[in-house]
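These are the structures in question, set out in turn.
There are two complexes below, and they share chain A, which is joined by chain B in the first and by chain C in the second.
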Partner chain A sequence: MANIAAQRIKREFKEVIKSEEVAKCAIRVELLNDTFTELKGEIAGPPDTPYEGGTFVLEIKVPETYPFNPPKVRFVTKIWHPNISSVTGAICLDILKDQWAAAMTLRTVLLSLQALLSAAEPDDPQDAVVAKQYKENNEMFQITARHWTNVYAGGPNINKDCDDKIRRLADMGIEEHQARVALSSYDWELERATEQLFS
Partner chain B sequence: MDGQAKQGSQGGESDMECSDTECFDDYDYYNNDDNEIEQIDPKKTDIEYFSCESLNEEQVERLLNETVELLSNNLQITPSSAKVLLHSHEWDVPAIVRNYKENVSNIRIRTNSAIVPQSQICFRYITCSVCVTTQNSDKFFSLSCSHSFCKDCWMTHFEVQINQGISTGISCMARDCGVLAPEDFVLKHLARTNLREKYQQFTFQDYVKSHPCLRFCPGPNCSIVIYSKEIKAKKAFCSYCKTSFCFKCGIDYHAPTECIIIKKWLTKCADDSETANYISAHTKDCPKCNICIEKNGGCNHMQCYSCKHDFCWMCMGDWKTHGSEYYECSRYRENPNVAYESAHAQAREALKKYLHYYERWENHSKSLKLEEQTLTKLKTRINQKVMSGLGTWIDWQYLFTAAELLAKCRYTLQYTYPYAYYMDPGPRKELFEYQQAQLEAEIENLSWKVERAETTDRGDLENQMDIAEKRRTTLLKDFLDV
Partner chain C sequence: MGFELNRFQGDVDEELICPICSGVLEDPLQAPTCEHAFCKSCITEWISRQPTCPVDRQNVTSAQLRQVPRILRNLLSRLCIHCDNAPYGCTRVLKLDSLQNHLEECEFNPKRPLPCEQGCGLIIPKDELKDHNCVKELRSLIHTQQQKIDDFHKDLAEQRFVINEQKREMQLLKEFIRAIRISNPSMRAIADAMERDEVLRWSNTLQRARVNRWGGMISTPDEVLQRMIRRTLTEIGCPPHILDDLMENCHERRWPPGLCSLETRQNNRRQYENYVCKRVPGKQAVVVLACDNTHMGEDMMVEPGLVMIFAHGIE
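And now, the complex of A and B:
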């Protein structure tokens, strides 16, 4: 079985390299070992989304039973998205679970993830806090997601207001990422975030 | 000829002309006939009557196969394809046939499997998109969707799925293709016997679970399947391991309470278990002489061993007022002014109300267990009597019948409390609680008499049994809604 997995990954690796998406710099895969069990994936944030301009790194682990079972994929780059955990990078996507089909490939997975960044499914959330914000205060969600893209994925949009608030918490001795999480979770209200951090 | 024609119209399958009045006459005629030979319909006399059968695996297999055969003959499809359809349509043959006739092509795409190699005319080499090896086309197979993959990949696919507990839900390996693999296709590609067995075991379980008229017996280590045509919240009984359960929802039988209500109640009890814990004490003080009394029988009519005061274990009231018109122990008195009280007071009132019902629910459940112990003691006592020449085992048999009836009555009584808890206040609730109180009083009388069987005579006990059971059936007749 392991033999099939390696054979498939070898082939798929070529498939992605040759694909037109690579030509457009939209998706990329890189091998991390020569047993074809660990790969690094990359997807570009889709245009007209808060993720635009960012590059998101993925950890891809290929199980021994691949392709009869799906690869295990997780975001390494921190991201603010209803279907992706802002803490662990775990992804809620049907094709990575019960809707996986053996004929699918890494290319399918990466393109599906890119599609997920364009169209979130807040009713099937992985991160409840993000999903709540997405549904109840979408404007704030857009700001937060864009800010995270800027800080963690190299996106171009700097948000001075967000940076200022984080600096103010940092001045109180709060670690930067911790401050960002607290502010993001409380719609960038400084008082509520502070209260939560010090309670 | 005349008689046969009448029967035909009664069966409702004949097209012959028959006006409403004629049919009605026929109906009456047959009814009278029934009365003459005194055939008693158990459904009419026993509100709890439920006919169900305990089937073993072989019998279930036969029952399912009959339906499979019926459908596969009717639609001219393979038995395996028929199974796929039946499993996904709750074994409803008429609905499937109707569907099929309306939309033949659709159903065929979803079920029929083409187990023939893709290219029958000439051999050619193709690459399997799953394992990316190139092989001769005769190694390739597909389901009705024509997505073909090599036979080794099908095998591995099935092995992986079965090891994850999936059987009837195994689908094609192509992307976004939901076509299910029929049994014969799967079995054809499975080489290992243990996996074939596992697969058949899993499909069997899936079939039973998808069949509205079948239930696995919930008894420990029991493999019996209970069959009933009627899907009602009635008492299903496994004749093999003697377990009984509600046929509709599968948990312990719960008349007169409805399935959703009992589920709500049990969840509430589990959530509030800590609050309710303090009442699980086995000892209370005699309300007259304050001596500590331990409850070691099921009966709630207590007598203080010291001062001989008779009192009720539940409400601690004088037993003399129990069993009369004024029996109020089971009823909860709602505070009429609660709506005007503070939120805190309302919460306290809600807790008080819940505890009232929970205490009684819990107490009768404990009484049931204690009365089981009483039964064991009873056996020893009877044994002694028989040994010392006081009658034979057969003479004392009625005591066991009485104990059995007591358990049955108390069980129903226990399940009247969740029912009452969720009832809206009003005349119906008042009637319910009146009947509940009556039943409760007679049950305690019966329990008292069973525990002290040597001092009561048989006639008195049998009379008491009769009264208790009458109270129970009256309550069920008025309030059991199935």
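And now, the complex of A and C:
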């Protein structure tokens, strides 16, 4: 790995560890190898959002050309968000693409992602299904996102109604995550989800 | 790329850190309006990707980058840094502005060129010395030189071929001209006039010679002496059509009646001073051209002239 990338990551790693956000348990970062090319990030779901109380794990890959190119970041924790793929965890965020600037750091990236959880950009979506729901049935979106946070990110808000519907589909032999995706995509209407699953 | 922070003694001010490489600024430049400073190599690399300030994304082109203020440069030059070769045992700590000078002579530099002490005479980077094998190195040296020699040989053969080709063509051309000259009288007149002019022109390029001791004249020069003079005449541009005749006329057997024997020479000694002689540079010899010596009597001159070689006495 290029010297400059390693030097940067070493320093940024320390910067995150020392930052006040860590003290508030809002962001965290962990090294996965000693060549500084792969890291694990964590961000706390921001308060007053459906993600509140959840912890979201990120995969961070540092390219050889860092910081002249942005790090490659992806959500490992499944999340229901217009700008994040519910399938792959891919993120649609300008600073991770053409708005990257070399002086940005792991800390600014993690804080920007946290801000993205607070303020989605439904007009620049990564996940079309989620974005549609966000715009057309925001109440249902809030329920779904909170439910996913509970199941995948350790959020505190159990939604009995959602869990029941998933169990009904599971009883029919549908795998749990598949059932959740189908229900989430059809505003938790059991009939339409079933129809889609068996078509 | 800047200097690694942990090489410095004491704390380094945040302002002296490059936001791109996060090292201490090396050769810094700053953006014009926001005044953000970066290492020259870092900002050049970034701007080659997009013309913005890496901190605030304002538009910046490389032409707009400028020197950082003197105060910043002074702060940088006063920082104390460990030598690059600290991992190899150098314990020196230097002011940043004297680091470069030290590096050029730091004896801990693993790449410092050292002469091999086993006698092969090669200069080798210090860290390669322990794996150095004189025989192996010299063998590869011989190998590359052999290759070069082979290449030269090929070149030489090629040049020889070209020269022979040209000689043949020249020969043909000469024969052609001779044929024209013989078959066409007006052509002959023109060619003769051209040749005469050429001899005159050449004569004008030569320096007058003074013969101090006519007694030093060698009337029967040997082959070696003749070849040497011939070579010099060619080098100083003697027209080829008179070269053979001139060189034939360096021996008493071809000299005019007034010079051709010891006896006649002794009789005509007084006339020697009247000869117009030209220098043959670096040689004890003179050229006496017929065109320069029309005032001499017929028994003292031959066409196209003669060469006199001396044992000494030419200025």
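The rule is simple: the second predicted complex is superposed on the first by the 198 of 199 C-alpha atoms of A that agree within 3 Å, B and C clash if a C-alpha of one lies under 4 Å from a C-alpha of the other, contacts with A are read in each partner's own complex, and residues count from 1 in each chain.
Convention: a contact is a pair of C-beta atoms (placed from the backbone, for glycine too) under 8 Å apart; a residue touches a chain by one contact, two chains touch by 3 or more.
No experiment lies behind these values; they were computed from the predicted model shown.
Trainee: Should chain B and chain C be called a clash or a fit once both complexes are overlaid on chain A?
Mentor: Because the two structures are overlaid on the shared chain, the partners are seen to clash.
Trainee: Please work out whether A:A103 is in contact with chain B alone, chain C alone, both, or neither, and reply first, second, both or neither.
Mentor: both
Trainee: Give one of first, second, both or neither to describe whether A:N137 is in contact with chain B, with chain C, with both, or with none.
Mentor: Neither partner.
Trainee: Could you look at A:F68 and tell me whether it touches chain B, chain C, both or neither (first, second, both, neither)?
Mentor: So A:F68 meets both chain B and chain C here.
Trainee: On the A-aligned overlay, A:R11 touches which partner chain: chain B = first, chain C = second, or both, or neither?
Mentor: It touches chain B and chain C both.
Trainee: Go through the superposed model and pick first if A:N157 touches only chain B, second if only chain C, both, or neither.
Mentor: A:N157 sits against neither chain B nor chain C.
Trainee: What residues on chain A does chain C touch that chain B touches too?
Mentor: Shared contact residues on chain A: 4, 7-8, 11, 67-68, 101-103.
Trainee: Under the touch definition given earlier, write down the residues of chain A that touch chain C in their complex.
Mentor: Contact set of chain A toward chain C: 3-4, 7-8, 11-12, 67-68, 99, 101-103.
Trainee: Considering only the defined contacts, which chain C positions touch chain A in the complex?
Mentor: Residues in contact with chain A: 1, 4-5, 19-23, 36, 42, 45-46, 49, 52-57.
Trainee: Which stretch or stretches of chain B touch chain A in the complex?
Mentor: Going by the criterion above, the answer is residues 129-133, 147, 149, 153, 156-157, 160-161, 171-177.
Trainee: Could you please specify the touching residues of chain A with respect to chain B in the complex?
Mentor: 1, 4, 7-8, 11, 65, 67-69, 101-104, 108
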